[in-house]
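Both complexes shown next keep chain A, but they swap its partner, so chain B is in the first and chain C is in the second.
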Partner chain A sequence: MALLDVENLKIYYFIRDGVVKAVDDVSLSVDKDETWGVVGESGCGKTTMVFAFMRFVAPPGRIVGGKIFFDGKDILQISNEEMRLLRGKGISMVFQSAQNALNPVLTIGKQITEVILEHESLIKKKAWERAKRQLELMGIGSERVNSYPHELSGGMKQRVMIAIATVCTPKLLILDEPVTGLDVVVQRQLLIFINSLRAKVHLPIVFITHDLSVVAETCDRIAVMYAGKIVEMADISELYKNPMHPYSQALIGSYPSITGEKKELKSIPGYPPRLIDPPAGCRFYPRCPYSVNVCRDEEPILKEKDGHRVACHLIK
Partner chain B sequence: MKKDEILRVENLKKYFSIGKGLWVSIFSKKNYVRAVDDVSFSVRKGEILGFVGESGCGKSTLSRTILRLIEPTSGRIYFEETEVTSLNKKELKDLRRKMQMIFQDPHGTLNPRRTVADILRQTVRIHRLAGSDVEEDALIKNTLDKVELRPADRFWDRYPDLLSGGQRQRVGIGRVLILQPKLVIADEPISMLDVSVRIGILDLLLRMKEKLRLSLIYITHDLSTARYICDRIAIMYLGKIVEIASTEDILHKPIHPYTRALISAVPAPDPTVKIHELPIKGYVPVTSVDTLLGCRFYPRCLYAVKKCHEVEPPMVEVERDHYVACFVKAKQKCGVD
Partner chain C sequence: MSHKMGRAGLNILVVFVIIALFSPFLYTVDPSKTGEMENILCRPSRDFWFGTDDLARDIYSQVIYGSRVSLSIGFLAGILAITVGSMIGLLAGFYGGKTEEVLMRIVDFFMMLPVLPLMIVLATVLGRGMWNIILVISIVNWPTTARVVRSQVLSIKERAFVEASRCIGSSNSLLIFAEILPNVLPIIFAQAVLMVTWAIYSESVLSFLGLGDPTIISWGMMLHFAFESGAMIKAPWWVIPPITCIVAVILGFTFLGTAMSDILRPGYRETRDL
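The block that comes next holds the complex of A and B.
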């Protein structure tokens, strides 16, 4: 049994203009000791999907279908109290933009101990010691325990966020765009850090990003999302070597690189669809260079081929 | 000014004073952030010059100072034969027709209450580009076609809200191109766009450069897109240019330790490349208030010697058209101090 099993998850936003199908029939399973990268452009539903893992989806959004099993339990069925205990201890999440996610009027020590005291029966003094150790582990230095968020740099704040998320040794960590908005040098330092953390504590990670080059260096497996659907899943090296879905191909082809030969890059014509009335059939077909008649009428399902799972009519 | 140059910037400085209230400012030495500190470079006709650096290195301040959207503290800016820093308001308006800027946030820079056609029309009217309404409409239509918002009728009456990020940025570019400028400064024009439409915008800039014989300054934090469109790249660190050379030289023969660190920090879109440590120490100082003597990179540099701490390194031409400001590396390269 996988650690996290998502089956046919559907999350819709019910707004005045209609129904936005942000996540539409997505299945994914994360094994222990596996790092998944979920890649897609803004608005493809990747953040909405992981919000459901934490049961954070709020109106006008609603989970309208599917199941999420974590450690054998369907987390969409358990009580609010049980869910609260699971957050931070079972599944933990690092939110996008640490800048806004930290409380500006509490010291970072206070914010870390808050989580510890919530989940473990420790006295305050012990919790502080644990918070300090956690900061050391993050490479920040325990003397920073009394600092306020504004006294830290962007990269450090992001590490504090990771410290908070991992202090109770969760079984699964979700990172939502953890390096977006950071400078390249800081970004690299943080990626090195995440990799070393993974080696130290064997933590399965779901890594959400729009940047393919970031996941290339950290993840084992990749899911490519487009307009609310997973269009391709594969091992990282497989996906880069041999992308099968036209969208994955286009995404990889549109990445400039600073190493190797300077190559001709192709942009993907058109724009991502509005999810309020997505195209019938394959959602990528209006932008797809290979589309045929069947793509317009019939929705492709994920098929197994050479270790990939691809949703494309052209894959036989 | 050389014949093939369109813009020449000499010893440009922009210091922002850090306000501490009246009392302190009278009785103590003023504190400054040296956002742009003694920067000199030139842009050649028909080339794309990239400025690459991390946030806070002064690249945006530099671009705004060149257009005099921010007044420089000191230094000179020559555009064609005109000395920009001494122009009055009216002359500046005429100049800005030839020198234009594309901004980072295509959402924040378009008036949400005007249609696409009206946004362009406003530019046409301010600069009196058309004699009649018919001429005006033709000009707008032509511009929409140039930036590939086709067919023009479909976009004519749309409000920016109904456009995607990429389309909005095209309107922003259209608003610049309609003036037929000679120099365009693009400040992170694609950093807020979706990955799949970024290359489309860069290709548009490249085509415009060829067709209209533009010169461009491309400001970015991303070396890989800079490589894609730039002829030359200048690397900035804390208000200074540390290295400037042709794109291929910067990427394949980088000299300054900071340039090297920056290049090795760029994530490779290739899973066979393993993540490695960076040749750099520590972090960018939070504020660049002038407490540093000598080289600004010195506290993070792995090669620093005593001299780096004491004297500021000058720009040295180590190879043809390859300038670098580093004592240690320049000496290794040419054997002179």
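The block that comes next holds the complex of A and C.
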């Protein structure tokens, strides 16, 4: 059984203007030794989806359907206290915007030990030592335990966030846009660091980003989301070489390549649909260059083909 | 660390705390002992440094002794008010919803009551003991703190780090006391200083109005006796020392409070060198 099994997850936001189908019928399964990348435009439901893995859907949002199994347990059914203990110890998450995700008035050592003490019965001194070791593992000198967040650089803060998230050796780590907002040099360092961390601690990761080049460096498998749905899933190299869904193709076509020939970058015409009344049929058809009649009326389902799972009527 | 204002305030307070702590060694005669007939309303002299009152009691000794009463009432009442106020504010701000609604309506109720009449009524009803004065002052003062703390908590609990902390399994009590409270502390400190100042001031007012414990000499009580005797104009040496002390202590606390809220902000030390 997979480590994380998401079945037909539906998360809707109930707002005054109607129902926003932020995540609609999404299934995903993460194995013990896999790193998943979830890519998609802003507002396509990536973050909403992973928040549900932590059971963090705040009103007006609601999980209206589906199941999430983590380690064999249905996390939508367990008690609040069980869920709380699962966070940080079972599933851990690094937030978007690490700049704000550290408490400005506590030293980073204090913030790391807090998590340890919350999940494990250790004496303070031991926890403190572990916090120092954890910092060293993150490539930050253990003498920085007494530093405040404002004394650290952006990349260091992000690594401290990862340190906090991984200090209790969770079984699954979720990274929500971990490199967004950092400059490319720091981005690269951080990605190299995440890769080396993976090699050291064998931690399955779900990596959320809107930047395809970021997942290319780190992930084994990739899920492309569009307007609240997963439109394609495949191994990373497969997806790059042979994107099947028109949206995946467009997404990859809009990125420059360093080695290949120079070609004009194509942007995708139009805008993502309003999720309050998404187009019937395929949600991508209004922007799809290959759309045919059936796309407008019938919703495509995910089909297996050559190792891909694609939701497109054109794939036979 | 150099904060001139803070240091000045601290110095003033340290002097008064030392005076209060060592008052039994500092006063020359028993402050409540009435003296000889010919020593009534003496001007300051070698025998009576600050002069005497209408019962020939030594004013210097009274001021020294009064520091102990005024400061302890001030501290205790201030701390009581700030503790209750902060707790209510934290809980109301953090939990929101019904909890907040109920707690804040209670706060509103207390805030709406007119302060001085309430203090007078409570002091009359509860009697004139020192602990009653402390209770009265706290009851009147905690709601402001609760409000200020709550509004601060409301803004802090929405910050990303609180959610991030929840994300790694922090319990509510950890969130309140380990994540949010340290962020509210500077405000609480500023409030605490205000509260203590206010408590000292209130004690003086209550005593001056004759609602204090007449067997305990405090600065306010001295003013009360001076006023009652009708000798305020005739014997300025009687009123100037307690007034000076009250003003000095309040000033000291205010300076310290300003400094505290600066210093407790992380990044303060770095920025002030720029």
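Note that the second predicted complex is superposed on the first by the 315 of 316 C-alpha atoms of A that agree within 3 Å, B and C clash if a C-alpha of one lies under 4 Å from a C-alpha of the other, contacts with A are read in each partner's own complex, and residues count from 1 in each chain.
Following the convention adopted for this analysis, a residue touches a chain if its C-beta (ideal position, glycine included) is under 8 Å from a C-beta of that chain, and two chains touch if they have at least 3 such contacts.
Note that the coordinates shown come from a computational prediction; the quantities given were computed from them, not determined experimentally.
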item: Which superposed partner A:G155 touches (first chain B, second chain C, both, neither); value: first
item: Touched partner set for A:L191, first chain B, second chain C, both or neither; value: first
item: Which superposed partner A:S267 touches (first chain B, second chain C, both, neither); value: first
item: Broader residue contact with chain A after superposition on the shared chain, chain B or chain C; value: B
item: Touching partner for A:V224 - first (chain B), second (chain C), both, neither; value: neither
item: Contacts of A:M244 with chain B and chain C, given as first, second, both or neither; value: neither
item: Which superposed partner A:A216 touches (first chain B, second chain C, both, neither); value: first
item: First, second, both or neither for A:E118, with chain B first and chain C second; value: second
item: Shared chain A surface residues [contacts with chain B and with chain C]; value: none
item: Residue ranges of chain A touching chain B (in the complex, touch as defined); value: 41-42, 153, 155-156, 183-189, 191-192, 195, 210-214, 216-218, 236-237, 240, 250-252, 254-259, 262, 265-269, 271-272
item: Chain C contact footprint on chain A (complex, rising order); value: 54, 56, 84-89, 92-93, 95, 97, 100-106, 111, 114-115, 118-119, 148, 150, 161, 164-165, 168
item: Parts of chain B lying in touch with chain A, wherever the complex brings them together; value: 54-55, 164, 166-167, 194-200, 203, 221-225, 227-228, 251, 261-275, 277-278, 280, 283-284, 286
item: Touching residues on chain C, where the partner in the complex is chain A; value: 159-161, 163-171, 174, 178-179, 182-183, 185, 266-267
